[in-house]
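Chains: A, B, C and D, in written order; residue numbering restarts at 1 for each.
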Amino acid sequence: MLLSASLFIIGVIGVMVRRNIIIIFMSIELILNAVNINLVAFSAQLGNQIGQVFAVFVIAVAAAEAAVGLGIILAFYRNKETINIDEMNLMRS
Amino acid sequence: MAQAIAFYVIAACILGFGVLVISTKDTVHSVLFLVLDFLFVAALYVLLGAQFLAAIQVLVYAGGIVVLYLFVVMLVNLKRPPEAHSDPHRRTKLGFGLAAAVLVELGAIAAYGYARPATAFAMPAAAAMPVSGNTEQVGWLLYTSYLIPFEIASMLLLVAMIGAIVLAKREL
Amino acid sequence: MIDELLIPLLKIVIVLNATLVAVTYMVLLERKVIAWAQSRLGPMRVGPYGVLQPIADAIKLMIKEDITPVRADRWVFTAAPIISMVPALIVYAVIPFGPTIHLFGRSVSLYITDINVGLLYIVSVASVGVYGIILAGYASNSKYPLLASLRASAQLISYEVAVTLTLVSVILMAGSLSMVEIVNAQYNQHVWFVFAQPMAFVIVLIGGLAETNRAPFDLPEAEQELTGGFHTEYSGMRFALFFLAEYANMIVVSSVVVTLFFAGWLPPFPNTPALHVLYYVPSWAWFLIKSFVFLYLFIWIRATLPRYRYDQLMNIGWKVLIPLAIVNLVITGIVKVALI
Amino acid sequence: METSAVHHGSMFDTNELVLNMGPQHPSTHGVLRVVLRLDGEKVVDCDVVIGYLHRGIEKLSENRNWTQIVLLTDRMDYVAAATSNVGYCETVEKLMQLEVPRRARYIRTILMELQRIASHCLWVGTHAMDIGAMTVFLYAFRERELILDLFEEFCGARLTYNSMRIGGLPQDIPPGWAKKVLEFCDIMSHKIDEYEELLTHNRIWLERTKGIGVISGADAIGLGLCGPALRGSGVARDVRKDEPYAAYDEMEFDVPVGTAGDTYDRYLVRMEEFRQSLRIIRQATEGIPEGPIVGKVPRLIKPAAGETYHPIESPKGELGYFIVSDGKSTNPYRFRVRPPSFCNLQGLRRLVKGHLVADVVALIGSIDIVLGEVDR
């Protein structure tokens, strides 16, 4: 549990600290993995497979998220030539 | 005993690489560490008796998602570090603050857990650990009890796929 | 202790070394067979008929200067060949060369391990191998390798989809992901899966060619287009690692094809009592013979066919193989349900 | 040397990649350099940079006497040296209004057609190799070797023959040579079928060559293409037919033309030319007349003042020599070559636009250039 919590925290720090949107995305992947570790650990502890099933779902969601997210990054990069999140304020201006 | 050692080694690797992922300057190195991290997570799954999930982890995460990341990094291939400008400490404090809050909370839970040892979870059976046929059981659950979530997940993937194609396509 | 630790270790050592030797001789075989196809002699100088050529090659590659381009990403540049070599080798852990046999009073299984997700393990480990190529292209900091590695990774990923989808139908037939169980299923069902699943066999073979970057799908290393492909900037032992990884992958693909579709170590017609004579040939020999046939086929194809173009390759992958794989899967599922 | 001919602005356009192909690249057939501007793998534009093999043959020739120049022409199209030799000698003969004996003209025809087959062998081998079929390369070289043996027997050299003299030949054909040539024709006609078996109906080959680098007949003429590259687009221009030289007016042969003007048609045209060449060789060898091999050539070759242009059909296309003599010195006043490779090469840019990197090498192979001739 502590392991997954620590990984989660690393992910959170990554999201908050880094400017590079790709690294932010990777941090999100780390967070999802932390969740997965938790789920699998519980499933092993409780001796049933439900945790693993949920982990499969999480992986599927992560894949979807990565695909769409990276698509957005690419589209954005093509227009703006940056991957710095601070400069991504289209909505604001 | 051997299991415990393996667990701690793997855990240390996961955390270490996790730190490296978010602290490395070069994005490609960061992606590489992410792969290593995921591989160790897969190892952890094996240790926890979830071989199927471990294989899926490697296949989908390491083999699929991270390759995607690598592609994007190479496409937007930039030697100039994107964080060179605009004050880097603006949200750093917030980030560490939040992380500290989570840590404190966790500490509290842990302390609480130690204070009232295991009543809620009687830890039903470590004996019921599935040894073989892991894939079969997960599959069985997926296609019976969790069929609807499964279908929803597949729809989500489909939508994501279409969305990604639309976004990435240059002209419609 | 001996059974738990020593024998597996011994097996690992044997398989690793045998693989590496096989790979080097695979190179010689390829050179020889292609030479014969082209009315040449091939290597003849080192040893009788050039049989010691691999050793000379190995020495040459090891003592060659190992150049790192100045502007390359040094760490990644060094890591890339290793990353492509390691998955190629650890796949051998689940390949069954034979059943459990009795040796010196012990029962020894002729495979390193038989995990219940064996096939999935192969697929997932193989998918990690693509990193070596991508990173090599990236780290070289040169345009040809970059183009080649983009080609290679797109190719590997798209063909992986087709192959994996096809493998699912084989799994459906066998009812197991374990390599050993798949072979046993072919024994129990009295049929080599190549006859039950001809379509799957063809798809896996083509996909296998594409995944190992062999002709006619050898675009990532198309010498005539991209000079050397992703290993343009590599030299010496690091280049050798890429080279070995390619041939090791070839052997893996032929082993997997043999296991899945040609009943692995079983002799032909395993259930026909009249042909039980064939059991006198050791099981691993059958396995090796069958694998050899496929390796020869790969070389033969390389000597014969021109190369596809990148977009044609992708078209075949996405518009032909994947739909076929899906159709095959659906049909297999329906038949399977109907038979129950 | 100013080589940054790539158009400006590409530095800032992230979607385009500038790829420098050559001068040391396995499939640019020598030292051609092609600067490609790529969008992904698609060629947006390309610049052909030449001059890496420039030896100044034209200027050099103005300081050599008329006989010595034959040797320099060897070094232009070095895979078809005999053809270059004949082209030069005939131009000077035209300038001097020399009569060449019929026997010499017949032997010249045989040599030129053998040379055409040798050159096409090299072409089919390298072209197939560029597209990835490596076996054809070695097969084609096996047959080219036979031709080189024939040449060696005739003049002692295997690559740069120096095998012509103004007014005729340096020596007569050795005894039994004609028979060997006929034997070779029999072998070769089977071997051509062998190449075709490997390529012509191969699906991958078809997909790689059909519809690639399409150019219409009018465009091809406009670009000044010549030889098989022009005939592939359906223009039946062949100097051998249109302005016969040597003994071609006495030979019977067809000029194959393509229809679509793509890489595949250019391939088919050359494959058919193999057969037509064999047909010419057979006719010429069987009909070699008796007689002298050298015409009435003056001791000192010194053409009267004047100029002339004389084209011949080299394996690559129309090879023309333009020579000016001032009538006073023993060397040409002006010596200019119209090399087919050079003219065909300028079609490359037009051909590759919109195709992929892999097609670029196929197209370079398809126009069949020799850099020695391009740069001179």
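Definition applied: a contact is a pair of C-beta atoms (placed from the backbone, for glycine too) under 8 Å apart; a residue touches a chain by one contact, two chains touch by 3 or more.
Since this is a predicted model, take the numbers as computed values, not measurements.
Put simply, the chain farthest from chain B by mean CA position is D. Averaging Cα coordinates per chain and for the whole protein, the chain whose average falls nearest the overall one is C.
Centroids of chain A and chain C (each the mean of its C-alpha atoms) stand 34 Å apart.
Distance between chain C and chain D, defined via averaged C-alpha coordinates, is recorded as 44 Å. Centre-to-centre separation between chain A and chain D, using Cα means, comes to 62 Å. The distance from the centre of chain A to the centre of chain B, each centre being the mean of the chain's C-alpha atoms, comes to 7 Å. Across the assembly, chain D contributes no residue in contact with two or more other chains.
In chain A, 78 are the positions where the chain touches two or more neighbouring chains simultaneously. Chain contacts: chain C has no residue touching two or more partner chains. Within the complex, the chain D residues that touch chain C are 17, 19-20, 25-27, 41, 128-135, 138-139, 142, 198-199, 202, 204-205, 207-208, 356-361.
Partner chain D is touched in their complex by these residues of chain C: 34, 37-40, 143-144, 147, 151, 215-216, 218-219, 222-227, 302-312. Looking at the complex, you find that chain B touches chain A at residues 11, 14-15, 18-19, 21-22, 27, 30-31, 34, 37-38, 41, 44-45, 48-50, 52-53, 56-57, 60-61, 64-65, 68-69, 71-73, 75-76, 78, 82-83, 85-86, 88, 91-92, 94-96, 98-99, 102-103, 106, 110, 121, 123-130, 134, 137-138, 141-142, 146, 149-150, 153-154, 156-157, 159-161, 163-168, 170. Residue ranges of chain B in contact with chain C, taken from their complex: 26, 28-29, 32, 35, 39, 51-52, 54-56, 58-59, 62-64, 67, 70-71, 74, 77, 132-135. On the side of chain A, the complex with chain B involves touching residues 2-3, 5-20, 22-23, 25-27, 29-30, 33, 36-37, 40-41, 43-50, 52-53, 55-57, 59-68, 70-75, 77-78, 82-84, 86-87.
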